[in-house]
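Once you've had a glance at the structure underneath, I'll fire off some questions.
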Amino acid sequence: MNEAIFTTNNLWMMISTILVFSMHLGFATLEAGLVQKKNVVNILFKNTMIVCIGLLTYTLIGFNLMYPGADYAGGFFGFSGFGLSVPEGNPIDYAGGNYTYWTDFIFQGMFAATCATIVSGAVAERIKLMPFLIFSVVFVAFCYPITGFWQWGGGWLKEAGFYDFAGSTLVHAAGGFAALAAVIVLGPRRGKYTSHGIKPIPGHSMPLATIGVFLLWFGWFGFNGGSVLSANPMAVSLVFVTTSLAAAAGAVTALFTSYYLFKSYDLSMVLNGILGGLVAITAGADQMSPTDAIAIGGIAGIIIPFSVVFFDKIKIDDPVGATSVHMVCGFWGTLAVGIFGVKGGLGQLGIQFMGVATVGVFSFVAAFIIMYVLKLTTGIRVSEEEEIKGLDVCEHEMSAYADSPAEQMAGFKM
Amino acid sequence: MNEAIFTTNNLWMMISTILVFSMHLGFATLEAGLVQKKNVVNILFKNTMIVCIGLLTYTLIGFNLMYPGADYAGGFFGFSGFGLSVPEGNPIDYAGGNYTYWTDFIFQGMFAATCATIVSGAVAERIKLMPFLIFSVVFVAFCYPITGFWQWGGGWLKEAGFYDFAGSTLVHAAGGFAALAAVIVLGPRRGKYTSHGIKPIPGHSMPLATIGVFLLWFGWFGFNGGSVLSANPMAVSLVFVTTSLAAAAGAVTALFTSYYLFKSYDLSMVLNGILGGLVAITAGADQMSPTDAIAIGGIAGIIIPFSVVFFDKIKIDDPVGATSVHMVCGFWGTLAVGIFGVKGGLGQLGIQFMGVATVGVFSFVAAFIIMYVLKLTTGIRVSEEEEIKGLDVCEHEMSAYADSPAEQMAGFKM
Amino acid sequence: MNEAIFTTNNLWMMISTILVFSMHLGFATLEAGLVQKKNVVNILFKNTMIVCIGLLTYTLIGFNLMYPGADYAGGFFGFSGFGLSVPEGNPIDYAGGNYTYWTDFIFQGMFAATCATIVSGAVAERIKLMPFLIFSVVFVAFCYPITGFWQWGGGWLKEAGFYDFAGSTLVHAAGGFAALAAVIVLGPRRGKYTSHGIKPIPGHSMPLATIGVFLLWFGWFGFNGGSVLSANPMAVSLVFVTTSLAAAAGAVTALFTSYYLFKSYDLSMVLNGILGGLVAITAGADQMSPTDAIAIGGIAGIIIPFSVVFFDKIKIDDPVGATSVHMVCGFWGTLAVGIFGVKGGLGQLGIQFMGVATVGVFSFVAAFIIMYVLKLTTGIRVSEEEEIKGLDVCEHEMSAYADSPAEQMAGFKM
Amino acid sequence: MKKIEAIIRLSRFDKIRDALALIGINFFTLQDVKGFGLQKGEKMVYRGSVYDADYIARLQIDILTTDDMVDAVVDAIISSGKTGEVGDGKIIVYDVQEVVRIRTGEKGSEAV
Amino acid sequence: MKKIEAIIRLSRFDKIRDALALIGINFFTLQDVKGFGLQKGEKMVYRGSVYDADYIARLQIDILTTDDMVDAVVDAIISSGKTGEVGDGKIIVYDVQEVVRIRTGEKGSEAV
Amino acid sequence: MKKIEAIIRLSRFDKIRDALALIGINFFTLQDVKGFGLQKGEKMVYRGSVYDADYIARLQIDILTTDDMVDAVVDAIISSGKTGEVGDGKIIVYDVQEVVRIRTGEKGSEAV
């Protein structure tokens, strides 16, 4: 391995880190756009804190739980000590000339927090701030790294032949199942499911939501492209193609499916279709041909509207569609590796199912327990009055927009 | 060519792809900011779909229409078959060590959709959604690749000595002329041109518009910088300098010109001045000195306010100024290659004029025909009532902002 | 030095340029979010113009003032002539294979304007547009390059052993001290400090402010990462780690400190905490271990709320907290190089203090004089009536949001 | 003195304004209101749930005028504001005890 | 004819709407207002300064109705809008001289 | 009982609020309105077209009060709200038939 290629590989991994970082802004704006005006500060606060908490816990413990080293190969759990320490030896050798130790850590660290962010959208508009942050700390410090270790850290799933290129299972389905558990413990927003039927609670800003989805797609070039773990020209560029085509196909099929179902060009469904396509291709982005990618993303786009309606029917209230996008399409994308592409085949399909199911069950159960314990101790839900007034005023003593002429005037006297 | 430089070159082309992708978000936010609040979902919907449609049609047909291969050199039209297929041989040889086949496709694919996006802004606030999407499919599948082939695909314009580095003509003027044709067929927004004179219809969010322009500039580093088609240090960094200085000069001259004309510091003009500078430098970004770039961008910034006023006078109603920015400054920038820089000279100027004029006429006529056929068949314009109520409620059954206290309350009961 | 590494190094420096560029959008959105609705166009206008002006003056004069060459080594002032001119010789030799002349210029040029942008937030909502732009021209053309030369250009501070990796002093403290001077000359917004106490004037959009902070963090990867001045794998990736951890720690400590002080989860403080952490790590981002970085950022996050309250107490009215973030944390971060990390030690601490103090005094005095002269000549403050009505309507004849149903209707007749 | 409140369609505002100007009424106060009435709001769809917006955005015009102008104003609004479809709105006439112009302190018909 | 203006809590809107519907009142006009009264606004904190929002967001419902319905409407609003805490709001009844339906020109009780 | 509606300049709101507080009026309802009157809106420029904003943003204050307070309130508003320039606004006094406090059901002067 020569120094020049090492430098280039590492550069790409660092840029991927920046791209994955920008996904946090994507989540923040998407989720802010899909909640009501009175809960915007709260969702921004949570999303801002999650990145920060995620990076710090990953420094302290997560990284060494997820990548404890070869000693724990094939296992269920490993840990190589607190904090970071640069290994001895020539940096070029740390990862066969692909990236440095620091790059490894920061790239993985940016990934870690996305998992908790997925939950934040699903529990929006009624969860208390502090319990949620505690949940995030625990989830991102322990749960995500443990299941992550199973596969990417070289644990038992890896050994079983499971394949999850960039995290349809390990990030998205894990986060999505946790979100489902959290929503079940927490209950729906007041007024959403009434005796007269479902009462939609429209998000307060479609521009913010759209910005969020574009930023997520933008960041996904690093999420998937960086998962090649080097700047290998053919591999990374193929991943760019499959990722983008799956997103594009998801949008188009979501458009037609939702038009067929609701006779309406629903922007929020198209946006979710794009995300569904992205989540679905993630497990096999390096394995698929363009046509496979279009099929996988396109099917995700069809699943999305049905899934959103289904969860509403069973009264799982998820304001941003995180369960449909991350859990359902993460599941689908993981299976798709056993159907399409180079690895497709019944055997692989079985292993894929087993992998996503075990990770899903683990994440679900872990999230359920954490949430339940918090419910019994600190409480997890704001009061009815606070929910009606909004979390911004009640938890943050602030409103997201101070913008009427009368409010502006208020600045001119005590 | 060595592997390391190949990897770096390809990396830059992939990053340029991401940057060009982010221009779609730039267009989406710019256009959303410059329309009325009641048409925001519609414009976001269109811009989101265009990227997706663009990528899919480019996969199916566009790429092979635009780059049919050496067999068609010097011609008017070529086609090398449907779909994508990786050529045999060592990837490094595909483009002389500059990029892989996949990178080539995805970079070009991201470019393709920008052309149709230019149109979307100009026809905003009154065009029906479905006919517009059909227009986009046809335009991006056929028209853009055909004129693109003339030059970048190695067709007759190329052979004639025409020079268009990154698309002042092939992307911007092409899109701008198509926009003009579309606006002519469609007619102005109701109430814009009255017996009492011109009634301005202010955009609903200057922050969104400003975000859009910054994102476009951001993406332009990839649009122009990527058009070097390698990471050549001197070439790409010069392009960065000329591109940025042209944008900066466009802002400054647009500020003074519009202050001189209207006695007002008009933010929308400064924003258009930046875009005008960027469009203008695009044809010769690799040919110009910093001083040339400042001159070219500065002249574009002077042109913009005059052009905007002119089009309003002749009742061409273009809510975002796409014709001024893309058509007029694209024209200017193409000519500038024959005036400034290494290639400057009367002969070249003639060829430049011929090139932009033929591409312009082709795009104009093609867009006119497509729009006209749609007008006669599906109809292209919403009804007066829909226009007054806004496309969001009428075409999407949704509003972009659901934000008054009363609306928020609405969430609490059926 | 081989061509391949040169290409990669230069590529990273160009990408860093793009990232630093995106900080201008970050500043624009952050500042727009933290002002009142009636002053949004004005702040966007200023931030847009500053980048453009900065690039142009840097072309004309700034670059050659800041980097006049080895002839002026160890001095206080140097100048190598107007405009840009590519040096003779092989481009690879210009900077030891790290970047080209053009890259050098454009990277430094993007940095330059950030200094003036820092001021723009602090003087928002009451300064006249034109005098502010004149101030920016002078500041960015002369003041920033002169102090910049002292260190980065190889002047006397450099020789004295001062260390400022990426500009805690040269960019942030310089801008922050200038902001302080400007605020003192200008006075607080009317109605902020009343006989009954401090009247908060809430910003009009927390989503915009949050987007701004994420974009600044995003750009800081290039601001600090690019300051390595090559793509050196270990160096740059360490900078990524320290930068991100400092930001994360700043958020967490700002959260707890402001909760302790105000019993409230104040989003604006957390956002400022992130920025404080970023500013503070900037002086020594390449010198610190992850633990050091957490300590430096964490202390910055504790400082922020105290500092904000302090400046309000002494009636320094700074709507966006620029003095606290840039001046105070820039000061802190500069000192931190003498406390933590490889260079830590009493001698270095003294030098660091001396460096930041002299640069601070110079910037403060220079800004004070420029502002004062403008106050006596053109005047720098809008009238009371204009301040009440808002700068958008009074200086720009425009409003940032045109969005009530009645206004929308207004489009339909003259 | 009378106050006339008219709750009208957004789309008729300009026609009504012109009609009022023709009879010499150039002064009024406008506000955004939400109307609940016979005409239902638009059908809306959000994330798969179809619902009716339960109100319609409307404008309320408040006009202060002298007693003798009332009929003219009412007629002007009816003729310019009517589409004939459900939802055209209402005009309400009140008696006002006193009107004062803040600038001058003038009262009654001097003040409008 | 009477006009009834009720200034109510946001959180009681739906209850009040239902109560009105029960007595046959489905038509009204709604607007966002800001109330200054006994109940103070929320405690707010911004960048370290604590302050009270000096008003509370409220809704104003305007109902036109015939004289005989007034008591029923007032009672319906009181029973559905009352929480017992300071800040429940006010109901105001005015005499209206004339009501006209723009669509038809009908007047008086025909028009509501 | 009377209701006083005052349409005022935004910039005078705080002065008026203070003046009202001095005479014991701390309760009122505020709304954003748009005024069309002698004073024209600002000159605006958008993409090269110059136009006048045809209205001015104003505040409307609604005060319920007993008959004996009316003159004091009107005087307070005039003295604190007047700039002397065209556009200071209007004060309108209505007779109110009944006022009810939702919280207690109290009526008349007890309720304000």
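As written, the chains take the letters A, B, C, D, E and F, and residue 1 is the first residue of each chain.
The working rule: a contact is a pair of C-beta atoms (placed from the backbone, for glycine too) under 8 Å apart; a residue touches a chain by one contact, two chains touch by 3 or more.
Just so it is clear, the model here is predicted, and its values are computed rather than measured.
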Shortest walk length in steps over touching chains, chain A through to chain E: 1
Equivalent interface positions on chain A and chain B, same or different at half: different
Option in C-E, B-F or C-F whose residue-number contact pairs overlap A-E by over half: C-F
Approximate Å spacing (C-alpha centroids) for the pair chain E, chain F: 19
Where chain A and chain D are represented by their mean Cα positions, the distance between them in whole Å: 50
Interface hub residues of chain C, defined as touching at least two other chains: 4-5, 8, 11, 15, 199, 202, 205, 211, 264, 266, 268, 388, 396-399, 401, 406, 408-409, 412-413
Residues of chain F touching at least two other chains: 10-11, 17, 30-32, 34, 44-46, 50, 55, 94-95
Residues of chain D touching chain E in the complex: 2, 6-8, 31-38, 55, 58, 60, 70, 74, 77-78, 81-95
Contact footprint of chain B on chain A as seen in their complex: 2, 4-5, 8-9, 11-12, 15, 19, 36-38, 189-192, 194-197, 199, 201-207, 210-211, 213-215, 217-218, 221, 225, 231-234, 236-238, 240-241, 244-245, 247-249, 251-252, 255, 264-268, 270-271, 274, 290-291, 294, 388, 390, 401
Contacting residues of chain D [partner chain F, same complex]: 3, 17, 26-31, 64, 94-103, 105, 111-112
In the complex, chain B residues that touch chain A: 3-8, 10-11, 14-15, 17-18, 21-22, 24-25, 28-29, 32, 40-41, 44-45, 48-49, 51-53, 55-56, 59, 83-84, 91-92, 99-103, 105-106, 109, 129, 205, 208, 211, 395-403, 407-408, 411-414
Residues of chain F defined as touching chain B within the complex: 44-51
